[in-house]
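Take a look at the following structure, please.
Note that the chains are named A, B, C, D, E and F in the order they appear, and that numbering of residues resets to 1 at the start of each chain.
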Amino acid sequence: MKVLLVNPNSTREMTDAIARTARALAGPGIEVMVVTARGTPPSIEGYADEARAVPAMLDAIVDAEARGAAAHVIACFDDPGLDAARAVANGPVVGLCEAALIAAGRVAKRFSVVTTLPRAVPIIEDLAGRYGCGRSLRRVHAADIPVLDLETDPTRVLPLIARKIRQAVEEDGAEAVVLGCAGMSAHLERLSRDAGVPVIDGVGFAIRMAAGLAGTGLMTSKTGAYALPRLKQPVSARTAPATLT
Amino acid sequence: MKVLLVNPNSTREMTDAIARTARALAGPGIEVMVVTARGTPPSIEGYADEARAVPAMLDAIVDAEARGAAAHVIACFDDPGLDAARAVANGPVVGLCEAALIAAGRVAKRFSVVTTLPRAVPIIEDLAGRYGCGRSLRRVHAADIPVLDLETDPTRVLPLIARKIRQAVEEDGAEAVVLGCAGMSAHLERLSRDAGVPVIDGVGFAIRMAAGLAGTGLMTSKTGAYALPRLKQPVSARTAPATLT
Amino acid sequence: MKVLLVNPNSTREMTDAIARTARALAGPGIEVMVVTARGTPPSIEGYADEARAVPAMLDAIVDAEARGAAAHVIACFDDPGLDAARAVANGPVVGLCEAALIAAGRVAKRFSVVTTLPRAVPIIEDLAGRYGCGRSLRRVHAADIPVLDLETDPTRVLPLIARKIRQAVEEDGAEAVVLGCAGMSAHLERLSRDAGVPVIDGVGFAIRMAAGLAGTGLMTSKTGAYALPRLKQPVSARTAPATLT
Amino acid sequence: MKVLLVNPNSTREMTDAIARTARALAGPGIEVMVVTARGTPPSIEGYADEARAVPAMLDAIVDAEARGAAAHVIACFDDPGLDAARAVANGPVVGLCEAALIAAGRVAKRFSVVTTLPRAVPIIEDLAGRYGCGRSLRRVHAADIPVLDLETDPTRVLPLIARKIRQAVEEDGAEAVVLGCAGMSAHLERLSRDAGVPVIDGVGFAIRMAAGLAGTGLMTSKTGAYALPRLKQPVSARTAPATLT
Amino acid sequence: MKVLLVNPNSTREMTDAIARTARALAGPGIEVMVVTARGTPPSIEGYADEARAVPAMLDAIVDAEARGAAAHVIACFDDPGLDAARAVANGPVVGLCEAALIAAGRVAKRFSVVTTLPRAVPIIEDLAGRYGCGRSLRRVHAADIPVLDLETDPTRVLPLIARKIRQAVEEDGAEAVVLGCAGMSAHLERLSRDAGVPVIDGVGFAIRMAAGLAGTGLMTSKTGAYALPRLKQPVSARTAPATLT
Amino acid sequence: MKVLLVNPNSTREMTDAIARTARALAGPGIEVMVVTARGTPPSIEGYADEARAVPAMLDAIVDAEARGAAAHVIACFDDPGLDAARAVANGPVVGLCEAALIAAGRVAKRFSVVTTLPRAVPIIEDLAGRYGCGRSLRRVHAADIPVLDLETDPTRVLPLIARKIRQAVEEDGAEAVVLGCAGMSAHLERLSRDAGVPVIDGVGFAIRMAAGLAGTGLMTSKTGAYALPRLKQPVSARTAPATLT
């Protein structure tokens, strides 16, 4: 089964790093198709970057489905355009934050998230609300690092993330800690080392969930909110003599 | 004071109709600037249309602010890209659904919404959750009509909407009914006629709220979630000899 | 258009200070009518003071409406008697806390409130819950000062408030801070000075909201929860020979 | 132990009826003190009636405590002024709606309420939210009868209430039904007869709860929200030469 | 009236201590029947201990009801098996945590809980969510002591609990503090001494609530979720010639 | 990888039917170990049956882990003992209801559940609350059939279930329908036939989730709520001369 992993930002290096994790953890019988969105911001840092990345990401999903992808994973922790992706896809679509928080809620009763920039904190809190984490999510910490520094300056930023993980365990009573950025995926092993609790990166489990939905026969409902976009004729054309519907 | 009214869909006829309402209700001292987004879907019907409309809408907001707009209103009941708009704007931004639901919650303890297509129902329910309507929102009804039929076939569709308004009052115990589509704005008077409760179109109040925020000195916070997008150099460029930050 | 600003406490000096802000920010075409409630506590500090202030405040609203007020603002951050006011008024009624929190939620994703006495903290938290702030409200801080000291001893109390504002920004990650007492209104400029984020006083925006609702044609629904009080004959009279209904 | 039962409306006949239930169910060792508020509306039908009744009710509570009442029950299903009552009382205070909903949640997983007028529906829904009923409360039904008709015209109104009880069981899946008005208390036996599920009137249990709190040594906390009202000198007096604090 | 107090753990010494509190506070006319569950863990520390204790506790309740118990109290702060107990009992059943949190919410607007082990923190948070405490519950503190040390080493552990009580008052703004373990019951007087706010042990009030429900005629609804367990014939037997229903 | 599928009821025929689905959908590389609990009720119908089934189910999980199970699925839609199972297991544990609702929330924005007996309705509603379904879950329908009739009388009961599925789509606006009982698993194909929306049975996806968690390296956190049960010495033994800890 083919599963698309789409990186909504335009940084190929980041896609490659995420893809390595995805392929290592995808399990038997899964072929991970990888796409980097075109013409989108180099990283997704906040609402505006998200909005600018989504249309190209939707195109990539539609295209991948035409090339045989049975399911799709959005490889950005903000889960940008997740609902829109479901509206254009027939196969199931899973977001990275969604997968990571669902995983965390299965192995721990209370957990925290460590992300990059402070502006991502409310975004992730709201996603957690949407995914129903409720009391499970103790707190979202920001290590205050730009996303791309995970690629270009890991020596500087990994200790900052590790410190926040410790803080989550000691102050929040977190029973597990979720890595809140796709770019942290490549550093899971190192960040897990001294944590004392499970440290969770959602990339592998997102692939498994997407494949698991498709593999057990579940497709995105095309009734209601995720119905395919309607094709519409502009009003000006409609008022012309020959009207189509 | 100039207030931008941006229609995220590309249907100029709809913009014109909304603008008439906006100008009639803007109150003294307000100049309504009107923009129709370019290259976006002819109407916003669901998540995918929203996603495809937002980038052009953000451009329109940035452009209008450069031309003197002090505040902004997104004239679509899905409030597409509202957070992203706040991240790119310095002046306050108000969504149509947001304004209408806030108005409804001030004049009625329990209310319902009547919208166009069934696929909009969960979208509006979720927006109501985000705006904290809680128990106030009784129900979202869909009259099951395409958005653009409000422009091209009002004779057919207005009775369908009126029927849903009556149903909201009789079955839901709604003390007010909100019109859940910008395209209904032009028909407020007719739809209010026999309702027996306040029928609320948010266009006028959205302009008033946006102007009221700016007029009392409130700008969008540029700390945290609505900080301006960061400019970033691609990783490939950063790894080149001359590195910028 | 005439908008009533009613101070439910009996301190005329406080009414005057709030009225100055209200008039400065009301915008064109608005005449602010000002009333101080009679025979009520000198300040509203907690539930009992609220309860003792509301009946006189309702009388003031009914009276002002008879004198031409088209909309009403309750100038106390506890929003005492807001629902009761809506039940006796035909025009829209807006509470100060309500207006301030609605404003804050438009210009910031996360914000905190700074109020006077610790006993007001749960009151404001519950109002925020009612107005649907949910995750948006980070925390309510009390500077631990009696309300009237804002009038009589600003030199002492303003630094205490300023310190709490800084704490909200630094510890809570507040992107804006709301002043949680009508008496702070007069000191907005000074309290905003070094905050680094928007500091929000709701008085001006409350007037704008109330005027905006009335100005766009919205009246309080008289069906359901906000129906006018029923006139009723006592049971003893009803059992007498001549029964009225 | 003396427990005050205060009827916030001014209808003595209603107080008497409630008192009969209260005394019949109070259990050993409890003396029920009964007070009808003075100068308040003949019945409590909505927010405005509530607000007009509360100050006299607070006076009655303070007075009763001085005469030895160890705990207090507010005998109106809107629980008017419950927080204010706790702020003026030292002994525990229990509301009728509060007691009835707490009782219902102990003997049934899902229940409905049947009340008098439609305007009470949102009030009771909001109280249920405050008392944390969440999913437990299926629905609030209004039999559409004025409160005092329970006293003066039971033959007409009891069948209307009984019909709503049946509807709650059949349509809502209610496992118990709560009588949502103190005036229904006297008719509990008749209304329970054919219900097939427990029908709950809160009067007896409210007395038990209030006595149970006081009897196990619990008093209202005087720290924070329920602290006694502060005595304050008006500003004008404070600015006079001799200043008191 | 007989009220069962069942200790779901197998430690007789703990039952005795709780029973002393229960009998001292039960009030006139109540006979407290006491049972220690058989073959269950010596203390209930977490989900697994709960699960292992519940079947024997259900047997004890059924047995006590046959011996005349009119109502039942589960004397463990995790409220293990509360719903199951209601399904097997005809009389009302009250949990200790449930009673304590209901009491706390009547005498304080905001309160905290102090319990034993950190693993109990999420359990109590979730129970508070179930009982609708919402914003009322400020925080659950763990003193990090094994449950049985309350019996065997009070000198060591009571100061640890007292410290957490102080922390709750000073840091959380708690207006009351709830003792979050049945084993703390015997130490209420000492733990209340310097707290400055009400310290609440639920044992006495649980007995009062259970007796109050039964004493005012309320039985557990046998329709719906708390219906008595159905007797069922195994499938293998059903497929045999002689079929029973 | 070995994944345990444990049926907490004692009906072997039902285990066999569920196992067929599980094995058909488990995907490559997964060996499904199947266990029927011993001495538990023949079906799980409500809270009391759940409580009586859990201890034997915990034993089965501990035993299976010793025999090499890397992850565990509880094959009953009430998810009985899910938290307790996590406390005794090292590998991840997934509940059937949990998996089905998580799947439904990925492929549909709004969905309903169809279950067997009315008493299961509140149980499933509460589970949906726990798993954060919020607005996503439209309604839980009961077809009013005993669980074991799915095994012994499918001809009678399947049309009753199919009718409820249609009702969910037509009345609730459900975009997908979840089968709310493990015993319906075997009938998925037939029940999906005319539904027009995805009909979801969680058995296959539960296996995939459990395997996906374990396969990507996630184990149950042994810090906090899911820590292994503590071994404790009874108090009576502890007071004996030779004390252990």
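Note that in this section a contact is a pair of C-beta atoms (placed from the backbone, for glycine too) under 8 Å apart; a residue touches a chain by one contact, two chains touch by 3 or more.
A quick note: this is a predicted structure, and the numbers were derived from the prediction, not measured.
Trainee: How many steps does it take, at the fewest, to get from chain B to chain D if each step moves to a chain that touches the one before?
Mentor: 1
Trainee: Applying the document's contact definition, name the chain pair with more C-beta pairs in contact, B-C or D-F.
Mentor: B-C
Trainee: For chain C versus chain E, which are copies of one sequence, does the interface use mostly the same residue numbers on each side, meaning over half shared, or is it different?
Mentor: Both copies, chain C as well as chain E, present different residues to each other, with under half of the numbers appearing on both sides.
Trainee: If I compare contact pairs by residue number, which of A-C, B-C or A-F overlaps with B-D on over half of them?
Mentor: Of the listed options, the interface copy of B-D is A-C.
Trainee: Between chain B and chain E, what is the gap in Å from one C-alpha centre to the other?
Mentor: 50
Trainee: So, what's the distance in Å between the C-alpha centres of chain B and chain A?
Mentor: About 27 Å, centre to centre.
Trainee: Centroid of chain A to centroid of chain E, CA atoms only: how many Å?
Mentor: 42
Trainee: Multi-chain contacts in chain B: which residues touch at least two other chains?
Mentor: 83, 86, 109-110, 118, 121-122, 134, 173, 224-226
Trainee: Which two-chain combinations qualify as touching?
Mentor: A-B, A-C, A-E, A-F, B-C, B-D, B-F, C-D, C-E, D-E, D-F, E-F
Trainee: Which residues of chain A touch chain B once you look at their complex with the stated criterion?
Mentor: Interface residues on the chain A side: 10-14, 41-43, 45-52, 54-55, 58, 81, 83-84, 86-88, 118-119, 121-123, 146, 148, 151-152, 224-230, 232-236, 238-239.
Trainee: In their shared complex, at which residues does chain B touch chain D?
Mentor: 109-110, 134-135, 173
Trainee: Which residues of chain A touch chain C in the complex?
Mentor: 118, 121-122, 125-126, 129
Trainee: Under the touch definition given earlier, write down the residues of chain D that touch chain E in their complex.
Mentor: Residue positions touching the partner: 25, 27-29, 83, 86, 92-94, 98, 102-103, 106-110, 131-134, 169, 173, 175-176, 196-198, 200, 204-205, 208-209, 211-213, 215-221, 223-226.
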